[in-house]
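Please go over the structures that come below.
One chain, chain A, links the two complexes that follow: it is found with chain B in the first and with chain C in the second.
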Partner chain A sequence: MASVASKLYSDDVSLLVLLLDTNPFFWDTTSTTFSQFLSHVLAFLNAVLGLNQLNQVVVIATGYSSCDYIYDSSLTSNVGSESRGSGMPALFGSLLEKLEDFIGRDEELAKEDEHVDKIAPSLLSGSLSMALCYIQRVFRSGHLHPQPRILCLQGSPDGPEQYVAVMNSIFSAQRLMVPIDSCYIGTQNSAFLQQASYITGGVHHAPKQLDGLFQFLTTIFATDLHTRRFVQLPKPVGVDFRASCFCHKKTIDMGYVCSVCLSIFCEHHKKCSTCGSVFGQSKLDGANASSSVNDRKRKAPDS
Partner chain B sequence: MPQVKIIAKNFMDMVASLTAIKLDKLYNNVFICEAILRSLPPLAKKYVLQFLFTDEPVPAKDIKEWVLADGVSKHGVAIDRLIQLRIFTETVVTVDRKKETCYSLNPTFQKNLQKHIISGGVLPREPMNSNNAIKLPSLQELETYALQQWECFLLQLINSGQGEKLTGISSSMMKVFQRGLLSQRDRDGPRLTESGFQFLLMDTNAQLWYIIREYISNAEERDVDPADLISFLLELSFHVTGEAYNLNTLTDVQRTTLKDLADLGLVKLQQGRKDSWFIPTKLATNLSVSLADSSVRKEGYVMMETNFRMYAYSTSKLQCEILRLFARIEYQLPNLIACAITKESLYNAFDNGITSEQIITFLQQNSHPRCADRVPSIPENVTDQIRLWESDLKRIEMTQAHFYDEFPSKDVFDGACNFTRQLGGLLWEDSKRMRLVVKSEVHNQMREYLHTHSK
Partner chain C sequence: MSNQRKRPNGGEREEDDEEDDAEGIGQWERAYVDDRSWEALQEDESGLLRPIDTSAIYHAQYRRRLRMLSAAAAGTRIQKGLIRYLYIVIDFSRAAAETDFRPSRMAIMAKHVEAFIREFFDQNPLSQIGLVSIKNGIAHTLTDLGGSPESHIQALMGKLEAAGDSSLQNALELVHEHLNQIPSYGHREVLILYSALSTSDPGDIMETIQKCKKSRLRCSVIGLSAEMFICKHLCQETGGLYSVAVDEVHLKDLLLEHAPPPPAIAEFAISNLIKMGFPQRAAEGSMAICSCHKEVKIGAGYTCPRCKARVCELPTECTICGLTLVSSPHLARSYHHLFPIAPFDEVPTLTSSNDPRRKLGKSCFGCQQSLLGAGNKPGPCVTCRKCKHYFCLDCDIYIHESLHNCPGCESIHRPKSVSLMEE
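Moving on, here comes the complex of A and B:
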């Protein structure tokens, strides 16, 4: 009797988990300020909440070295009266407060690390897993729940060292049938987000400029899963399937793959560092002996 | 549950049927705009959102390109709805000497929604400060109060013959609500009709909407503008449950309305030393939810046994009354109603126009969680027997007929038989004694036939 379908609200009720990139190293480099960006996002959240009384929004901040829940619309049904009257959007008073706290804490943590001059990646893997945990909890509690989806608003570049964790999150999202939408606002492109949306059936979009971000967000990402079946949405033109190697965390398009556990390496090893299988030597020994083609590479499998 | 949608949709039809001036006036209220937005079909919501910051009219052709081929019918429904509610206005613009239909958003509606989305949800009115309110009921108490009040109302609704006066609803108002649910037979007193039983089967939100709809359609007889009433009800749904709001902030019409709503359990009225206030209950704040979906699915309470005995874990008098419609109540314990389904009790129900399918769906929908997990939730022998008893009553079918005998010859008789069989009007024949029965419809043709052939 209690099939999955019967546990859902019948129509277009959605639970949106928004992963907000608060990486200071990224926001330092953009022409749009973080506060401008935030005003677009808050309007978008208001719009999502306005579409249906049962809609729910959860915001997770993705910082440089930590991430945290900063807003949950199901918890703040009673609007705090303190924030009202200050001209601030009443609902999001607590969000802004928590965000400020979070950024402060994140800065403290970041000070301990030494960073290089290029933009440091933010902790996407952490916030993705937090989002999935939250959704898992929603699935297990109660008998009626909204349809969940994740939206990554990411600007910082990918962190190749998070490759395994991010991929694992993507696959568990796929298993849970939770689509990951992604909106990439940085200058490069993000292979992680492209793959995430591609694998989970979400939408990936990288707006060229941030002035009309609200319009992009509402047009594309406010569309609930029910409506998506019959509207035109941006289709992926090409997905960057490049992987990171497990040994040096570099993004590569050619490499060695362990035939037992499918771990990826950028150079030849005698033994797989993940599963411990010993790789065959015969052919490579011959190759090594005959010439200096040390860096002969094999193509990594797609996806 | 499908019924909820039908009723909620009808409510929006009522809004749509208001005159243009009244609708435009309604859109001056931010909360109406919000509630209307929520009631729209998903695709229409999307269109509104996309148009929100567009000032220029958008060609209809362009909008159509947003949807895939599968969605064309949905697109049509969405656009129709938007135009019906005057959210979209249709204009014809000449571009390159070609006429094109364009749509633009109602400016008042647009402005209000923009404001709402940028500045976030504001409350329709300030709640009273908690320190000068004497004692507010807890959310739990409030919910019990609301449900109690609602059950009281329903009980009075179905039992008006017994003359108990439980709520403050005037009897004329009650008559309005009962219209369509009870059939007035002079001798036996009012009886529940088929739609009345269906009404009892619906969940609380759907029932509430039915009543509210009747209440609004009756508004003009009480010299109240339906538009005002609709706007007040929708506004009410944006108040915070369990907060107290001062009655001084309301108009006179709203205050009288509020008294009726208190009888339905939508609000609780309280009086302090100086002023009085109202506290919206969950029923009120759920009003705009149920426009789109039924959110509260009640937990079942009925356990059906294979020996036709039924145990209902309920303290409610109303549920007892509902069960009495088709079962024999044997005894009642503080938290349990024990009853049995018998042939007599079911005949009684069928007599009132309740069908076996309705009874079975009622039992299925309300079965106790422990039984609901089992498949089937109601023992098969019971459901079969209920159906059988109903078909027992339908064993005899009456048809107006004519009887013919004393045919002059066997040939004439056979000819007449074939003739009526071709017309599909032969009911019975006895070729030995040359007698036959035909439907009344073919009687005239039969007479002509016999006239021409018996000579």
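Moving on, here comes the complex of A and C:
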């Protein structure tokens, strides 16, 4: 029995955890509607499930004010709810139902928040953390499990206040050797997703237009981890390594770093708000240090 | 001192009195004596051995560990001098060829220093290491201070031969010369792996030791043969640690003890705000002339955000404008120390299933595993104080030991006014 099972779970069986961005503020601004987008995604999920009988798909919705699981292909309760009769395969009936539920709830929660000046970020850190917990459970289940990977279908801009949480998730995924693929469909580029894919060895791609989204999804993101070694996948066009400062949650490419705790600030402070150390306690020493650094710098190019 | 350190998992044990017994037994037995696995066995009603349910025990151990950690964190502020400049001095004198460590002291030292270097850079992202070797009574610089583990390891592995006498003074003088130049916010440290039992010095070593003390060099020594007065004196004077390894495992433990940053002594730590840049990585296949080697390179390079010069490696200093360039993920690796998540509260299993709060948490919020135990009775679970979501014990461990995020708290939209600092 064990040998049969191990044959079944060969290296091309995958568990795809899809993080679906349902942020209403983002979908308001796009030319493609959410339902068009969804039809691409559902076709893609069907394709992934069709590639191998043992493939598993989990969908987590990344909303504006909450995150939730909306589909798990390993649960039997998905099959048989053909109540909707909207022409969708029965398999995804429950997905659509749950998604509708989720968006309704999410909207209710969002109402409490009054002003929104630009497109608000969605809760990527939450859905990433949930996905990793799920994958951790799959790892716990024994030696025979599908190869997990995460795919972020994200359109909302980065939320700089999630910086630490997103980075924590990325490092945890790196330790678990779980690649985070990312498909960014928004207008700006996403530093979080570029870093996530770069650090964990996943693929990052930002399709120029959404009409052919299905094509991109199947050719790039449907390939399992084993096959990737033989396929020419898009190479990263640079990685945006900008960080968020701790004081104003701004995304910056240059800043001040506390020498005691490594907190990042966008401007000069007298005191570190994270660890409480006071900067430039001894002014003399500080001045000496900077001058000696300068000396060294000046010397360096000559030698 | 060294006797106590030898125990790998000393923290979990209640009694310490069989320490003496442990001395007399073979090494292979020691693991079992420490473990006492037979005590965990239980018999069922018919006298058969019952399979051990370790998950609860495991979780209890984890909770104790977590409490200890959070207590320690509350006691000492996070103030740790995270920018360290460390020179590792390795004694490759005649004594390093001895084979009491297999295959030889030299090989064992090199092997564990390699592991140490990797661990060191993992824990101290902005720090730098340099390597010095002692051979034929002379100290040689193997590598200058630098932040790339690979180059150090390469240099170390290329020079594995032992000859001549050892000289502590020469090594200290050389390191002192190097470390005297670094900025004052950095912590100057020396870690000496000493295998000889003597030192042949050109002058008065006591003067050198005083000089090191004056320049705030923290010198630590790990001996491989026996305790020496001069090493002990050096460590006492400069505030370092002195220890002698009894076997290979012990040597490894002693070395790795130096990887986490030492508690910054107030007068040593001069905190500073350092201006740094987070360069972008250039596209694969793009062509540019790098400013550090002045060569045309294809692909993989970083662009200084201030002067747009191209550099090959991080961390470094921009050769054009002098800005310190680091990769931001490198810094972010240590942030979970700064914003730890509070331990979750255990949910008493006795609460009746009619409890309205209980109904919410039928499955773990993180992994969707059912929280119902055998016979649809509520199983053990924990809850986050802030978001009130329920988690299974496995997720609890994973969240606190690896993820460092609470999925529940991250799935709640925070109004902009609430900043991370207040958490």
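As a working rule, the second predicted complex is superposed on the first by the 260 of 303 C-alpha atoms of A that agree within 3 Å, B and C clash if a C-alpha of one lies under 4 Å from a C-alpha of the other, contacts with A are read in each partner's own complex, and residues count from 1 in each chain.
One rule holds for everything that comes next: contacts are C-beta pairs under 8 Å (C-beta built on N, C-alpha and C of every residue); 3 or more make two chains touch, one makes a residue touch a chain.
Since the structure is predicted, the reported quantities are computational estimates derived from the model, not experimental observations.
Clash-free side-by-side placement of chain B and chain C is the outcome of superposition onto chain A. Using the contact criterion defined above for the overlaid structures, shared-chain residue A:36 touches neither chain B nor chain C, since it reaches no partner.
Using the contact criterion defined above for the overlaid structures, shared-chain residue A:123 touches chain C, although it does not reach chain B. Among chain B and chain C, the chain that touches a larger number of residues in chain A is C. In the superposed pair of complexes, A:189 makes contact with neither chain B nor chain C.
Touch criterion met: A:164 reaches chain C, while chain B stays clear of it.
By the touch criterion defined above, A:264 lies against chain C but remains apart from chain B after alignment on the C-alpha atoms of chain A. Judged by the touch definition given at the top, the superposed model places A:214 against chain B, while chain C stays out of reach.
For the pair chain B and chain C, the minimum alpha-carbon spacing after aligning on chain A is 11 Å. Every residue of chain A that touches chain C in the complex is listed here, in rising order: 64-69, 72, 109-110, 113, 123, 125-127, 129-130, 132-134, 136-137, 140, 161-165, 167-172, 175-176, 195, 198-199, 235-243, 246, 249, 252-265, 268-269, 272-282, 285-286, 288-290, 292-294, 296-297, 300-301. Here chain B touches chain A in the complex through residues 34, 37-38, 42-43, 45-46, 49-50, 52-53, 65-68, 70-71, 74, 113, 116-123, 240, 288-289, 292-293, 295, 297, 372-373, 375, 377, going by the rule given at the top. Residues 77-83, 125-126, 181, 183-185, 264, 269-286, 302, 305-306, 317, 319, 322-323, 326-329, 331-339, 364-369, 394-395, 398-399, 402-407, 410-416, 419-421 of chain C are the ones that touch chain A when the two sit in their complex. Against chain B, the residues of chain A that register as touching in their complex are 1-2, 9-13, 42-43, 46-47, 49-54, 77-79, 89-92, 143-144, 214-215, 218-219, 222-224, 226-227, 229-232.
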